[in-house]
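What follows is a pair of complexes built around chain A, which joins chain B in one and chain C in the other.
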Partner chain A sequence: MNFFKTNGSKLSTNMHKFIANQKGKPKIITLEKEGKKNKVDKRLTVLTWVVILLAWYLVTKLGLFSATLVPSPQRVWITFLKILKNGYNGVSIWVHLGASFQRLFFAVGLAVITAIPLGLLSGYFTRIEAVIDSIVEFYRPLPPLAYYTLLVLWFGIDNKSKVILLFLAAFAPIYLACVSAVRKINEDYILSAKSLGANQKNIFFKIVLPACLPEIFTGIRTAFGVSYTTLVSAEMVAATSGIGWMVLDASNFLKSDVIFVGILIMGITGIIIDAGLRLLEKKLIFWKGHV
Partner chain B sequence: MVNEKKQEALIEIKDLKLEYGGKKDSILALDKINLQIKPGEFLCVLGPSGCGKSTLLKTIAGYLQPTSGNCLMQGKVIEGPDWHRGVVFQSPTLYPWMTVKDNVEFGPRMRNLPADEIKKIRTYFLEQVKLTGFGDKATFELSGGMKQRVALARVLANYPQVILMDEPFGALDALTRDNMQTLIRDIWKENNSTIFFITHDVDEALALGTRVLVMSKRPGKIIKEFDVDFTHTIAENNSKDVMYKEDFFEIKKEILKLINSQIEE
Partner chain C sequence: MKISLVVKRMLLLALVGLIAVFLVGCGGDSGNANQTAKSLPEEINFGILRVPNDETIAIAEGLFDKYFTDKGIKCNLIVFDSGAEANKALASGSIDFATMGNTNAIIALSRDLDVEMVWIHEVLGEIEALAVKDGSGINQVEDLSGKRIATPFASTSHYILLNVLKEAGIEDQVQLLDMQTAEIVAAWERGDIQAAYTWQPSLGKLLESGKILVSSQDMIEKGYITANVEVVRKKFAQKYPELVASFISCLTEAADIYRADPEKAAAIVAQELEITVEDALEQMRGSCWVTPQELLSDDYFGTSEQPGAFTTVMKDTSDFLQTQDSIEVSPSQTEFNQYVTPVYIEKSLD
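Right, the complex of A and B next:
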């Protein structure tokens, strides 16, 4: 678990906030209180970033470090606009981002399609778990880049090796979430459904699947977080396109302003993806916390 | 209905024995249970906690198979759960991803009834549990008593031949419980249902049941049966006065003595 914790720490703190918000929902008084608390929290967040930006500005203004190593905020901003307009090395930023996201979404999609049925089945039948679980447990703690070199040798430097890498990274958290979700399901849900006349198929689709959805969704969010970090590192090891590659290429030419822009874009897109997933979760799993 | 009355017992349990766990460390939960449930009966089961009341209910529901002996419904061995025996659990097992309406419609849907009939059934039973207008609510917006009423409506919607209830009002506050008792009595009378009702509350058993069983501590056996009639009196007079009369206290005292003797031993 440690490996994921370090990678997904941002995710998990967001999750706690989300759960806390959900719990406060039924009572209006706590909601109001929480609203006030949230306002203070938000101000603190904004303040933190203002301080960081100010420190950055002052450090560069006073010339404490060489401008080649730490570019000023203004220069990063100008570079950002330039990259937005002209792209990097003649290739549009959207092409780089598109290349990265295509890999990411395709791999996570593949993991969702395979890990959910396999995970649910493993939770149901110990014999299926006996086959899959040991494999997952073996490769899960490995740093993805350790076997990435092997994947590049086998599948080439292009998309295929990266998609397989990301698929493996995304598979484990979704699979494990499904297994644990099935284990934790309230047995009375299934018993009562049987007593109401539901057959096995209906029990699976109308009871087990929705009952597991909250945990599955948490697994998917973790999978996105893990895959995204893996993607960027993979692109920095071996690639010819993508946002990670852009940063690597810029570092070769000591273009620190481009590196800064690349990192900012990665951070912001990561936040946007997670926010999108959280929104989707709120819509789809409106009963979360009430199971 | 006439046919059902002719058949003496709806549920028949013969020499039931039930053991939990493996061969070495098995626990004998139920032993030598002989019991008949007749159509239209309101059977209440009392006993010290851990005596196997719930195990007995689970066996009748079909969730557990007897180690030896038989559990029959209308002469046929109960092989697994089915919709003829509805179960209401202590904590309502409503599905939170479905609205109140969808929860009530779940049974008829699973049985592939036509849509207009499903709607009719849902409307009827939501009204019977006094929740008309709550159909589109989410289950987690309801209070504990309301949830248990939805759980009841969901079971009633299948027109089960027997309703098995496992301390259904145990988690409710005293006032709500009182209302729920009146509701279940009214429904039982109106629908002519057969109810198997587990409780740890002697007053509740006497105020609802037509027959009260007292079970021993583990291994659970039936140590005494009481035929009572307070529930009819309460329904007819629309008042619980009978619960403050001498003969009510006499029986209550005897039952409490029986249960306490089981705990002390």
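Right, the complex of A and C next:
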């Protein structure tokens, strides 16, 4: 356990998964080797971005495309500062971000509350799964835009339809993670507990829930990602605020520099949210990979 | 093993780069795909609006076949909800011609799209209007204070609506919602909105349970003129000026059907837009269809030597859009004089 704690921050998630999958027999990798590999990886990441930025700069410098199609990095930076200072359409960028995050967190929160119990129950009782699973499997691959118009017709143009769309996007990953987590629990643990006299309640809270938490967390992280990608669609109809709406409105007026700024802000905030969740995961589920 | 991994990753990176370059290359190529060495393009992509106008008649009556298809040119018609989407398609070089409101034509110029304006389909009158719902208690513009009004942003309707609100002094007291025309009808029927500025045929659906508060016709009298115009990619127009002229002849022929026999034209439009003949006729009367000769007068395009009044309308509208932060730079009067070009109309009359 100490091994992971000291080196935890540098371990990639893939590594976590790999070890988690090889239940019971973690692969031993020496610290030294890991460290070196990470250094190279980091350099490669930085290099990739330097190349992308350089290519972007060169393409605009050489004027290969008009500024409307590909605005220069300098221009995007200036627009970013302008939006930071004056906001967009007279509304501060923080209000836009706040509006979006309110929708996002509310929807994901709702999904967490509903999907975890339903998912665990589905994993536990096949009868419940028989009811819920097919519904989730049916709507999960649908593109949100396909049914969003219906949601708008049913729930109106206000926040309700937007939150429901994001909720549906977030529900499936968490639900599926819960079902598969329950399935993966080592039967021996439950049997041993039973033979030692544990009742259902104890088994659930002392064994099932802790064993499932790592996967549930992965589900929540995926849910945030999927919801976030749905945000722009959600803010497509009759929104007057939100970072997704800002991008859409800018596209009406072909303000590609604003579109770039919006996308960069979304990308960076997405990374920050994910990093926050990972930190939380590490704090809450210190036993991950050791069950 | 470590080195081979690095090499592998480098190779992967290079591969991704190559694919990206390849894709970008493809994107660039497809835009010029029809610029073959032949004297005529293989196909022309038209961005159209589903509104009762000359272009709709030309399509329904098969006039495009006469002017283009019979010459061996394939015509692709792409329907857009408003000029805002057409502009995106123009920016990427996906379409050659596009019908749009003059506000979007201004945005196109301001954003340096390589296009020029060659035609006015119709000057917008009663065809675009601010509708309010029956029983909403809104009887004059001032009553809209504190209400929500839907309109497709960047459109001519949006522009006129902003001016209606400004004239009434309540531009800061209403909430504007950006919606497409079909969404406006849906939100209206649900009762989410009680006021909307939109155009026919969606306006007609609103009026089934509402009335017109202000129309674009009322605003013409106050000096706010909007029109649906045609823009064409400059590269296309320079390469095939005679085709642009043919297009104008095609639209003129279609408009002549309306001028000669409005009932017949209404029947054609009604079938194409799936509305009743009476509605079609009323909607068409809501706009002013201008002949090429009239367009060459001082009131509109003017001549190549003497720009007409519509260039000033464009400049004024552009300045207003700039004050709204919709566009960053308002092009100069000289730029508009060149942008609104009578050359192809003149050519079509030769």
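One rule holds for everything that comes next: the second predicted complex is superposed on the first by the 259 of 291 C-alpha atoms of A that agree within 3 Å, B and C clash if a C-alpha of one lies under 4 Å from a C-alpha of the other, contacts with A are read in each partner's own complex, and residues count from 1 in each chain.
In this text, contacts are C-beta pairs under 8 Å (C-beta built on N, C-alpha and C of every residue); 3 or more make two chains touch, one makes a residue touch a chain.
Every value quoted in this text rests on a predicted model; they were computed, and no experiment measured them.
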{"item": "Side-by-side fit of chain B and chain C on chain A, or clash", "value": "fit"}
{"item": "Touching partner for A:D158 - first (chain B), second (chain C), both, neither", "value": "second"}
{"item": "First (chain B), second (chain C), both or neither touched by A:T126", "value": "neither"}
{"item": "First, second, both or neither for A:S66, with chain B first and chain C second", "value": "second"}
{"item": "Touched partner set for A:S134, first chain B, second chain C, both or neither", "value": "neither"}
{"item": "Partner chain(s) touched by A:L196 [first = chain B, second = chain C, both, neither]", "value": "first"}
{"item": "When both partners are placed on the shared chain, which of chain B and chain C touches more of chain A", "value": "C"}
{"item": "Least Cα gap, in Å, left between chain B and chain C after the two complexes are fitted on chain A", "value": "29"}
{"item": "Set intersection of chain A contacts, chain C complex versus chain B complex", "value": "none"}
{"item": "Residue ranges of chain C touching chain A (in the complex, touch as defined)", "value": "2, 5-6, 9, 13, 17, 84, 87-88, 91-92, 107-108, 111-114, 150, 153-154, 175-179, 183, 186-187, 190, 192-193, 325-328"}
{"item": "Parts of chain A lying in touch with chain B, wherever the complex brings them together", "value": "26, 186, 188-189, 191-199, 202, 206-207, 210-211, 213, 286-287, 290-291"}
{"item": "Chain A residues touching chain C - in the complex, by the definition given at the top", "value": "36-37, 40, 44, 47-48, 51, 66-69, 89-90, 149, 152-153, 156-158, 237-240, 245, 248-249, 251-255"}
{"item": "Contacting residues of chain B [partner chain A, same complex]", "value": "61-63, 80-83, 85-87, 89, 91, 93, 95-97, 106-107, 110-111, 138-140, 154-155, 158"}
